[in-house]
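Okay, got some structures for you below.
In what comes next, chain A is part of two complexes: it sits with chain B in the first one and with chain C in the second one.
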Partner chain A sequence: MDTNSTARLLLKKKQDILVNWMQNQLLDDTLRDDLLSNEELNKQSEEFLDGLLKATSDGNFENIYTPEFEQTLDVLGDISITRARQGFSPRETNLYVLSLKQALTDVLEQEHQNDPRLLYQEVVLINKLLDSLSLATFETYLKGREEVILRQTDEINEISTPVIRVWDGILALPIIGTLDSSRTQIVMENLLQEIVNTGSSIAILDISGVPAVDSLVAQHLIKTVSATRLMGAECIISGIRAEIAQTIVHLGIDLSNIRTKATLASALQIAFEMLNLQVRKTGQAGNTKLLR
Partner chain B sequence: MDRIPILKMGPFLLVTIQVDLYDRLALNLENDLITMVSKTGARGVLIDISAVTIVDSFMGRILGNIASMSRIMDAETVVVGMQPAVAITLVELGLTLQGVHTALNVERGMDLLYQKTDILLHQDEEEEEAPEQDPE
Partner chain C sequence: MITMTKDMMEIVREQDVVPFRNRVKELATKIGMSLVNQTKLITAASELVRNMLKYANGGRVTLEIISKNGQTGIRLTFTDEGPGIPDIQQAMQDGFSTGKSLGLGLPGTRRLVNEFDIKSKVGQGTAVTVTHWKNGR
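Right, the complex of A and B next:
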């Protein structure tokens, strides 16, 4: 069988294929015209088909990792990454390539009506080509999704470690979510930098938002406390819930060198005491004043 | 040979390290400082490392050594102005400088030394600062 003639045939029928393909895509129930307008889809499809037919023009239907296919793969990669970001589902993204299969085989069927053997061979060929293309699409789609996830992780790391200045000389750092090595690093850096910037001498580490404490998390907490001490500030850990206290003791973690408090309020109180500050009621109801 | 100057301030010794320490320099410092402590009978040693950006385990050990040696000779050691990066490095190296007092800056380090050694030089000032903060 001459794959060159197949390529020429497809090139000749390009307009038919495109119309056919567009029809297939537009007919599909899962078409997302809310995310992508039909004109854009048409433009995308034409560009992709152009590239594909050019790449196959010298009869290569087998291997898509050759230089001729580079441009096609680029176009396809762009399309699937954009779709991943726009929130297309994997099915919708993949259907884009797979619907081309139908269009191509339709054209071949019309052409080779009288020669089933040849038709079969060509259909197999087209199948192979489009299957590898759809695999490539899926791969890039996943990559696009993973990028989104990574970016979000970064963002979470950024926003989830605020250092709050609760009083002159007292910093509070509520930790929300699980502490892993990379987050501990960020927490530690933020806290130490803030200690330098504000000249605070007490830092309160509130772990009421940490779902569970295992030996690794405790290790990270101890590290943060030690680093704070090296800087010349005192560190208080607050927000230790009953379950956490239980796990810590069961795991045999020694926190005896570290000041721990059950609530942020009691930690703040201790901090006031350490700074020789006093909170007391004034004569009027409800009004609290601080005296040195 | 390079040496780090050691200044005597009343009952305390003051060392500010303005360069990155290499091993020889650190060893000299340890030596000189302990000699000075014994010579002057100093009650406290304040080491300012705010300009130090790089530490290694050796440097951490020297700091610990100085503290322990001074302790034996009845002098407290305060390390002040450690940079965040330096603190993180030391913790990662597992050197938490037990027995060394730390403070954020020289001023607070001095206060801490007075506190630790029970010497009341700033008595007058302290009285001035005392209560007297009228609520409104």
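Right, the complex of A and C next:
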């Protein structure tokens, strides 16, 4: 079978194919003219068909990972990404690519009515080509999604460990989520750096937001406390909930060398006492402490 | 003893730990386990799953809700095909670790849950089964 002549025929009939394809799309129930205007759809479709027919002009219908197809795949990638942003489902985008099958095979049917054997071979070829193109579309879609997830993971890592200066000389570090090795590293680095920057002498690690303290998390906490002490600062761990306390005891983790408190407020009070500070209500004779 | 639901999870990366722990929490909440018991079970599960990742590069966990003598509980079975533990008695001692950790994982887990069973064959792998009852101590 001569794939070159098929390619030439398709190229010659390009306008017919496009008109046919557009008609099919506009008549289809699943048309989303709420997301994409018909002119844009026409432009998009023409660009895609143009690239596809150019790529197959040498008779290559088999392998889409060749230089000829680079442009087509680029166009397809753009379509996939913009459609995803416009709110199309991946199914709709894939159906869009697959809908070109009908338009292409219609033309071939008209031309090769009298040669069913040739027609069959051509239809199989077109089918294979568009199937792999639709898979490529889906891959692009997934890749786009994955990039978003990776970016978000980085962002979460960045924002999840803020070191807050609660008072002159007192830093607080609320830890939220699981404390794994890589996060401990970030937490420790941020904290130690901030101790240097601010010249603080007390750091409060608040673990209210840590769902479970197992021996690994405890080990990371102990390491962070030791490192803080080496820098000449004292470390208080706060936010130890009742159930966490019981679990730590059963596990057999020894935190007796570390100052621990149930709430951030009581840790802050200890910190004030260590710095010989007192918090009082103003305008009252009594020495009512605000923090208790 | 009756098994009411059975589920399996593959653990191959560190990222699988959090979804697994959430799954355990889901089951524990479903049978109405108290918060303290939930936390104990989740912590125990977390220890064992970390061991599995660290020493055996991952494995499988079977999660079951079981019922025995009118009690409801959760049974977790951790199976790996890692190097195995040569001396289980030693591994069950506080402070013993071949991997620079606190050495509390296995003994601590045994204290956290109601029932604990460990089987290991060097070169073939390790299987740990823990059961925690809804109204466990």
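Operating definition for what follows: the second predicted complex is superposed on the first by the 252 of 292 C-alpha atoms of A that agree within 3 Å, B and C clash if a C-alpha of one lies under 4 Å from a C-alpha of the other, contacts with A are read in each partner's own complex, and residues count from 1 in each chain.
Here is the rule we go by: a contact is a pair of C-beta atoms (placed from the backbone, for glycine too) under 8 Å apart; a residue touches a chain by one contact, two chains touch by 3 or more.
Source: prediction; values computed, not measured.
For the composite obtained by overlaying on chain A, chain B and chain C can both be accommodated side by side without a clash. In the superposition on chain A, A:Ile244 makes contact with chain C only, not with chain B.
Once the two complexes are overlaid on the shared chain, A:Ala218 sits against chain C while remaining clear of chain B. Contacts of A:Cys235 after superposition: neither chain B nor chain C is touched. When the two complexes are overlaid on their common chain A, residue A:Glu189 makes contact with chain B while staying clear of chain C. Using the contact criterion defined above for the overlaid structures, shared-chain residue A:Ile253 touches chain C, although it does not reach chain B.
Note on the composite model: angle chain B-chain A-chain C, taken at the C-alpha centres, equals 70°, rounded to the nearest 10. Touch criterion not met for A:Val210: it reaches neither chain B nor chain C.
In the superposed pair of complexes, A:Thr178 makes contact with chain C only, with no contact to chain B. In the superposed model, A:Gly199 makes contact with chain B only, not with chain C. Distance between chain B and chain C in the overlay is 9 Å (nearest C-alpha pair, rounded to whole angstrom). When the two complexes are laid over each other on chain A, chain A has no residue in contact with both chain B and chain C.
Within the complex formed with chain A, the residues of chain B that make contact are 79-84, 86-88, 90-92, 96-97, 102-105, 108-109, 131, 133, 135. Remark: chain A residues 178, 180, 211-216, 218-219, 242-244, 246-247, 250-253 touch chain C in the complex. Listing the residues of chain A that touch chain B in their complex gives 185, 188-189, 192-193, 195-196, 199, 201, 223, 226-233, 282, 289, 291-292.
Contact residues on chain C toward chain A in their complex (touch as defined above): 14, 17-18, 21, 35-36, 38-40, 42-43, 46-47, 50, 94, 101-102, 104-105, 107-109, 111-112.
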